[in-house]
Every structure is written in structure tokens, then in C-alpha cells.
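Structures for review follow.
Each of the next two complexes has subunit A plus one more chain, namely subunit B in the first and subunit C in the second.
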Partner chain A sequence: MSADPFTLLGLEPRFELDAAALEQRHRELSRALHPDKYAQAPAAERRMALSRAIEVNEAARALRDPVKRAEALARRAGIAVGETVEPKPPGALLMEMMESREALAEATAARDVAAVTKLGDGVRARQRRVEAELATAFEGGEASRVLPLLGELRYLRRFLEEVDAFEETLLG
Partner chain B sequence: MAYSEKVLDHYENPRNVGTLDKESEDVGTGLVGAPACGDVMRLQIKVGDDGLIEDAKFKTFGCGSAIASSSLATEWLKGKSVDEAETIKNSMIAEELNLPPVKIHCSVLAEDAIKSAVADYRAKQAARRAAAKG
Partner chain C sequence: MDLLEIFDPKAPPRPIGIDLGTTNSIVARVREETPEVIADCNGAWLVPSAVHYERGGQAIVGTQALGLAAIDPEHTIVSVKRLMGRGADDAETKRLGTYEFVAPENEADARTVRFRVRGRVLTPIEVSAEILRTLKKMAEDELSRVGGAVITVPAYFDDAQRQATKDAAKLAGLEVLRLINEPTAAALAYGLEKKQNGLFAVYDLGGGTFDVTILRLDDGVFEVKSTGGDSQLGGDDMDRAVAEKLLEAMGARKGEPVARELTRTALDAARRAKHALTDTDVVELELPKLGGGDVTVRLGRDELEALIAPIVARTGLVCRRALRDAGLAPTELDGVILVGGSTRVPYVRRYVEELFGKAPLCDLDPEKVVALGAALQANLLAGTGSADEVLLLDVLPLSLGLETMGGVVEKILPRNTTIPTGARQTFTTYADKQTGFDLHVVQGERELAEQCRSLARFTLKGVPPMPAGMARLEVSFSVDADGLLSVKAKELTTGIEQVVEVKPSYGLSDEQVEEMLMDALDHGEDDLLARRLVEERVEAERVLHATKKALEVDADLLAEGERENIERASRELTEAMAGKAPAVIHARIELLDHATKAWAGRRMDRAVAKAIAGKNVDDVEGEVARAKGVETHLEEHARGRSGAAARGGE
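Moving on to the complex of A and B:
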């Protein structure tokens, strides 16, 4: 990640992001940077606009994703994120995630749709709670709560990616 | 990401996947995780009366490199003493699997899991000795 995505898109750095405002800003900037507008411009300017357009797309993608959005906000707050700098997850969370991943693996292996749906719904509800807590932590400047919540959110997301992958195999 | 052949081999044919009874006195369990990627890894050792590791099992929910690192670790652990187990370093795992720099943390996770399983086993033995003394 190069530049801060909030700055790139000119949006207020908040975890609870106005999704419509993000999409509108993304559209405006994409239109302004569209290659057609630079058809007559010197090559250097055309290249600049193109690379800006790519950065804008990346920034929009990052901000749509709650995990990447939280990572961007953490960096802005001077909190280092990444594999080697984050605290180890608490044992209770690991035990819980190991158990729920095993339960999910069993349910998907048995193609038990009802069980997978139930597990997925539970984790989605929890994801919403953790996101709400993250928003509160960022708003209140509670830096020490950010990384534990972000770590938990990543675990929940990984779980839900497995649920999505299973649902895709049903459609396929 | 292109995985090395050794990683693919362990990923496709993981060795020693499973569970040992974590309540058993001769079993040590290590449970570790990587918060930045949402991986969770459980590694267990079963130590015989002769002090050698007679069985090792793992279960990892994570990327191919994390699975391969823990699979390889269980292979290496079998037949070693508990002290020898602790000498296994992440760099040895990373070298054996040709892990790229961005996946080194997967081998670190496996080393953590070994250390944590050994610590759990030692704590159980210490508790048993304390109980025996009365």
C-alpha cells in the first residue's frame, strides 16, 4: 500500500464509512482521470493520469474492505500493522476459532447446508459486533483495542471466506 | 504465489493430520495463530516412557505454507527427544521448504507451535511430579 486511501479519495478517515459517498467519489475521480480526457495530452501527463487512476481504484477497493479500511486507519494513527509486529492472538480466540473451523470443515465435508448456514450466520453476527467495536475504538482513540479487534476480524473473515467458497461449490 | 514443490507435496499429502487427547498426561498441545492472516495451527506431541516423541499430529487452517510447515514439523518431531524438539528452528523449516520471504512467518508459526507443545508437555510433567511428592 503506497499512499493513504482516505487521502487519495479525499474522504474523511472514519471506520464507519458512507458507502455511497465512497462510490460517488470513486466515480468522479475515475471520470476525471479517464484516458479519453488525456487523449490530446503529452505522454508524460497521460501516464501520470493512468497511474493515478490505478491508485484510485486500489484505494476504493481497500476502503470497501473493512479489514483493509481498519489497517489504513491504524497506520494513520501510527499503529504498525503486519505479520511481524502484531501481538499474538489470545489463546481463547485461537481455541474458539480452531473449534469453529473444525466444525465448519465437518459440515462442509458432509455437505450439510443447514449446519454451514447456521455457523456462517453466527460468525456474520459476530463480525458486525466486532466492526461496531472497532468503529468505537477508532472514534474514541482507544489505540490499544485496535489490533486485538482487527486480529479477531481477520479470523472471522477467513471463516466467512470458507463459507462463501462452500456456497459457491453448491452453485457450481 | 508460486509454491515450491516441497510445499505442494505437504499441502496435497499432509503428514500426520489429526488430534491426540489433549487431556492425556503424555501429550503436549501447542495452539498458535498468525493475526495478520487469520491462520490457526494446532500441533501435538505424544511422549513415550523413554522420553522420545512417539507421535505428533497437527491441524492447521491457513495457507499452503502454513500447512506444509506444520506437516514437516510433525515429521521431524517423531523419534526426537523433547530437548531435541526444541532445537528445531524456523529457519530450518523455511530452508527445507524453500519458503519465500513473505512466507517465512509460516515457519515461525510452526516453531512457536513446537515450543508451545513442549512447554505444555513440560508443565504437565512438572504438575505430575508435584502431585507425586504430595
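Moving on to the complex of A and C:
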């Protein structure tokens, strides 16, 4: 598919991405396509530059995000992704996440910073492990392992979003 | 006013930068690669953002108007920026109670604040346009012909506030090259001056708004990492805190209403005291006492600092959040830039130094720096700048979302997303034979739609009647480089592209702006026609120039017959320009646009190939050729996306 973010940015399709290389490529392409560079161009050209700059920015945003990056790789491998088409996660994971979320809800309600940090750190470590496994699965072409890992990553991320929201309330 | 007199075809158009501030406004330009502010005939460059309406309806702008604010507050509007993009029922509208607001008669009227001044009903957009007209005039006196403007807005301005600013410029007869964020403009002025790379925070505390921006400067690319702010926090709030104390000393009891003139006196004294305490440790103020007589009030710097501390502390929270959003610790920053008049207060400087753990940079005048940056950017956009490698990559300051079932917001674009940007969302029908959808776009970080800023409500109509869940609608949101949102919708099962009726929740419709434009011009239609002619000629000039330049560089990318078509279209446009019919010029511009479009796509592909350093250029050109041009490319993109992202909506 031509609109794949790796193709759009001209980067090698890998899960383990060199973040600095991605940022550099994003800047290079922005120099070529940003609407500011076409401010004096005819209207049709300005519109074209705008839509291409949007594509480049969207692609960079997708690749910075591990979930979207995994989705893009899966699509390249012909695996359908999206929460409606992916298999339901195993019951054990659901139970575990439910328990963790209950613990998080209790800790945030009690404004127990240490407990929230501990829970957050645990899930972050697990997120790193899952990401490493995903990288291996993609490298080794183990298509059947991709969707379960991706599903798990989504759950972990949703959990971390709640941790983030709590941590933000601490800033004031 | 005669527009044709202003349009001197022999004078080259010069771009300008405008800092349209809450308290003061400044216009600047670039002369010999150095930005400088433009002064009026008295040498004054700081234009107070005050507009006084005389008995005959004539507007006076600037220092003279500010002087009249104390004597004639009903007919003098100050700090109008705080009302930009606000609705009639907005909290901010109710807070500033010194003007006579007009009660909205209908829903369309309620979309913007209106005040009555000398029998005229005015919107903040029209008042801002008066300020912009004055600045434009100052620039024209200096440059004879103004070619376009970059106008700065607080980074934290939402869509409605940005749109209002753009409308004001249109009313003032200014072509807006770009709206840029104030902190980013300041960083540009600093960056180009110092030529240094690294991570910077811009702390911008103005009269009415606070912004903080964290950005990376990398060989001319100014990449904003995060931004945050409070569009209701500034030096005005410090003045108010001090004024309350002064009013007490003047004999006013807490919580009791005070005459408008006394409040004004206290506010003015507060501002003078704040300024004086920058250099001295204590000031003595002679103030009128309630019920007659005078009172001398001594105010020490420590007292001032105690009064403003809670206000300044609010900026700390915003800064910490912005750092967190950027994923940075304060120690990772290479520098902190101070912007805005309120950063002259020594307490603010100490606070910033403590917060970021380093002495802030303030070698450029914090009051001028935004206008200087705007002028630099205007110069770059107008193609007259030499620093071709400079680029600003800014972000969306506040998340964009859609209201879903139960009034909960679903985010479609998170804050701090690099602009321009876009997102697509697919919706499906929930009832049999359903032919329309109602969508509500909001902006803000809160969970419930009613707590966010409502941007637009619209109805998608004309969905073919099908069983529930069969029709699929793809709604595309795009945010342009000015940070302004537009929405498009498409029915995917039939492929029918819908022109969506977007009803903005705030602001003026295009027709309303057009009407105001007619009113503002002396001879209505005639002047409007003259103005269109000027605008179309400017655009024609630009297109012809761009085409000529492109032919010099990229002629090898022309397909067979293209050069002939382009040359013919150029010739016809040149002929039309000599005429007096704006519609004809417009049509010829479109013809030239059409003739150059495919070639422009190939030139863009080449630019992309060149940008990807290290990658074999032939590979890229091959890939691009396979992509079959941009339009097809985009369509494929949309189709591919929707398949995976299909989901239920309301």
C-alpha cells in the first residue's frame, strides 16, 4: 500500500525504529513540503503541498507510537488490524488488567503517589517486554504472535494513560 | 478612503509582521536582513491596543484613545483581544463589565460578542480591524506598499480566536501570509540572531495572556515540542490584584461596588506602581480618598511580590505540564527566553530562573521580540528572505475531539500534534434508512463536551437510505499551518463526496465578513470591486512570478506540450491583468493553475527526493511515479485507512 508510513517517510519497515533517524527524516521532508515553502505558489500547488505535508506529519506521528507502528507493520504483512477485527484477548490478561486497574483506581483515589508510581513502573516495564517480543515476532515473520501482543500493548497503554492523567494532576 | 491610491503598482510590495497584543500592538519589517519595528511620525512604535469611537463614529486608535479610556470609558475599548472569538454568553464577556453588550437576538448573533458604541453595534473583530488598519497605515507610510502580513496570536489561542484574528485582518484589508504563535515568533527572532541549536523554553507573559513553548532548534528548523498556556492570565491580573489593595486604602470596602472612574484610577495607579517597582524598592502614590480628600499609599516591592505571587505561581503549573508533554526535565533545556512586558517584573524573572534552574535570556527587548520574529517570518514567506533553510514546525495547542454518546469527548487529534495535520474517522448509521448525522467538534482537554470549547456543529445529509450499519461515512479533519480546522465528509459505500454544512459555534460567517467589508468601505460595491481587482492582480503577479521561477529551475520535468500550455495561460493572464475585471483575472489564474498542476506535482516529488538525503534519488522518483500522482495517492490512502479504522459512531 502506497500510503504506508514507512514508505511515505522512506524508512526501513522495522518495529525497532531509530527515533533520531525518524525525527531527522521528518524534518527533511518538512523542509521540502511544509506549506510555508509554498506560500508564493499557485493555489493548486499550495493545496497539494498542504495535503502532502499532512501525510508526512501523520506518518511521523504514527511511527512514533508503538501501537500504530505495529499496526502499520501488520498491514504491510497482510494482517488485518483494528479492535473490531482482532481476536478477543485471553481471559487471563483481562482478569489481570482488571485487577491492576482496580488497584490503580484505589491508589489514585487515595492520592497514594508511591503506589501509583509503583504500578506505573511495573506496567512500563511490561510494555518494554511486550515491545521487544513484538519486534522479535516481526523480525521472525511470526504472524500469529503479532495480534495477541498488539492487543496486550493496547491494554497496557490504556492503563498508562490513566497513570499519566493522575501524574498530571500532581503538577499543580 | 481610496484604495487605488494606496495601490502603487511601481512600489514593490513589502511584507510586514504584526504583534497584535492585548495591551499594545507593534508592526515590524525586515530591512537589509535585519528586523526592525516601524514607528509613526512621532517616533512612537508601541501602539496601545485601545480604540475610541468619536461622536461621528470615527475611530481613534493608540495613545490618544488610551488617554480617553479614563475619561470616556463607554466609548473606548481596551484589551479587545480578550474578547476575540468569544460568544455572547461566554464567561469572559460577563467578566469585563465596562461596556454595553448587545443581547443576542438569535442563535447566529450569539456566536460573537457585540457591543453598542455610540449607537453602532460592533464585534471585537471590527475593533481589532481598526487597530490593524492603523498599523497597516504606519507601515504604508514607511514602505508605500504592504505586500502581506504575518500576524501573531497566543500559542494557546483556540480555533475560534484564530479565525476571529484572521477575519479582523481581512476587514482591515490585510493579506494574511500566516498566523504564527507568539512564542515561536520570539524564538525565531532569537534563533536567527544567535544561530544556536538546542532545546529552549519560551516564557511569554503579556498583558492578558500567558504562553509557554518548548522547542528544539536544529539547523534552522524550529520544531515546537509542546506548548501550553492560559489565555486569561497576564499583567492585567497583577494590576487588578494591586488595585484591590489600593482601593482598600482609598476607603472602599471589600466586596462593595466602586464607581467605574475610581476603579480606573486604582488600576492606572497599580500599573504605574508595578512599573516603578522594577527599579526602586518602594513607591508612594497619591490617591483620592472615598468621600473626599487624598491619601498617600506606600507600596514596597515585597508587598507587590506578595500580591502577584499567586498569579505567577499559576504560570509554573503550565510550564511543568509543557515540560512533561515534551518529555523533558528542566535541566535538559539549553536556554529560557523571556517574552512580554510582564517579564520585566523582577519577581517574574527570579521565579523563571528558579523554575528552570537557569538565568533567562532577555537580551532582545521582550516587548519587541514577537513583532521582530513575525517580520522575519513574513519576509521568509514572501520569498524575499535569504535564509531559505529556516522553517517553523508548530503544533496544535489544544486537543480536537468529537462529542460522542453521553456527551463524552473522543479525541481525534491530541494537543501538541505537529501542524498541518489531519485525522479521519469513520461513522456508521445506527438506524434503518438513516440519512443524516449530527456531529459536534470541540476543542480542549476536558472529558465532557460541555466543558470544552464548542467549535462547530454540523449535519451530514444525503446519506443513501440503507439498513442500519450499512452506510459508512468518513469524516476528515484537517488543521492547516495557521492552526485552523476544516472538515470534509465522504460516504464510502457510494463514494459520494459530501459538501458538509459546517456551522461554527463562534465567529462570523463569510457573508457577514463580506457585509462588514462593504460597510467599512465608503462606496460599497465600487470600492469592493476595486479592492478585488487589487487582490486578484496581486495573486496573478505571484502566480506568474512563481511559474517563471519554476520554469528556470525545473523545465526538464515538463511533459510534452506542457510548456506551450503554460506559456499560453501565462500570456492570457498577463493580458487579463491589464483589464479591470477581477472575475476574468481570477478565471485566468485558475487556468494557469490547472496547466501547471501536474508539473507542480512532479516538482514536489523532486523536492522530496532531494530532501531524503542518503537515499538514492532514482529510487524515490521510481516510487513516486508508481504512486500515480497525489490525488490518486490520497484516495488510496483514505481507502486503505478506513478499512482498518472502521468503527461505530453515534
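As a working rule, the second predicted complex is superposed on the first by the 168 of 172 C-alpha atoms of A that agree within 3 Å, B and C clash if a C-alpha of one lies under 4 Å from a C-alpha of the other, contacts with A are read in each partner's own complex, and residues count from 1 in each chain.
Operating definition for what follows: contacts are C-beta pairs under 8 Å (C-beta built on N, C-alpha and C of every residue); 3 or more make two chains touch, one makes a residue touch a chain.
As the structure is a prediction and not an experimental result, all values here were calculated from the model.
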item	value
Between subunit B and subunit C, more extensive residue contact with subunit A	C
Which superposed partner A:Gly10 touches (first subunit B, second subunit C, both, neither)	second
First, second, both or neither for A:Ile54, with subunit B first and subunit C second	second
Which superposed partner A:Met97 touches (first subunit B, second subunit C, both, neither)	first
Subunit B versus subunit C as contact partner of A:Pro87, first or second or both or neither	first
Touched partner set for A:Leu160, first subunit B, second subunit C, both or neither	neither
Which of subunit B and subunit C A:Glu45 touches, first, second, both or neither	second
Subunit B versus subunit C as contact partner of A:Gly151, first or second or both or neither	first
Subunit A residues contacted in one complex by subunit B, in the other by subunit C	81-84
Complex contacts: residues of subunit C adjacent to subunit A	177-178, 218, 221, 223, 317, 320-321, 324, 380-383, 389, 391-393, 417-423, 478, 480-481, 542-543, 545-547, 589-590, 592-594, 596-597, 600-601, 604, 607-608, 610-613, 615, 620, 623, 626-627, 630, 633-634, 636-637, 640-641, 643-647
Footprint of subunit C on subunit A - complex, ascending	1-3, 7, 10, 25, 27-37, 39-45, 48-55, 57-58, 60-61, 71, 75, 80-85, 167-168, 171-172
Subunit B-touching residues of subunit A, taken from the complex the two chains share	81-84, 86-89, 91, 93-95, 97-98, 101-102, 105, 147, 150-151, 154-155, 157-159
Footprint of subunit A on subunit B - complex, ascending	31-40, 42, 59, 61, 105
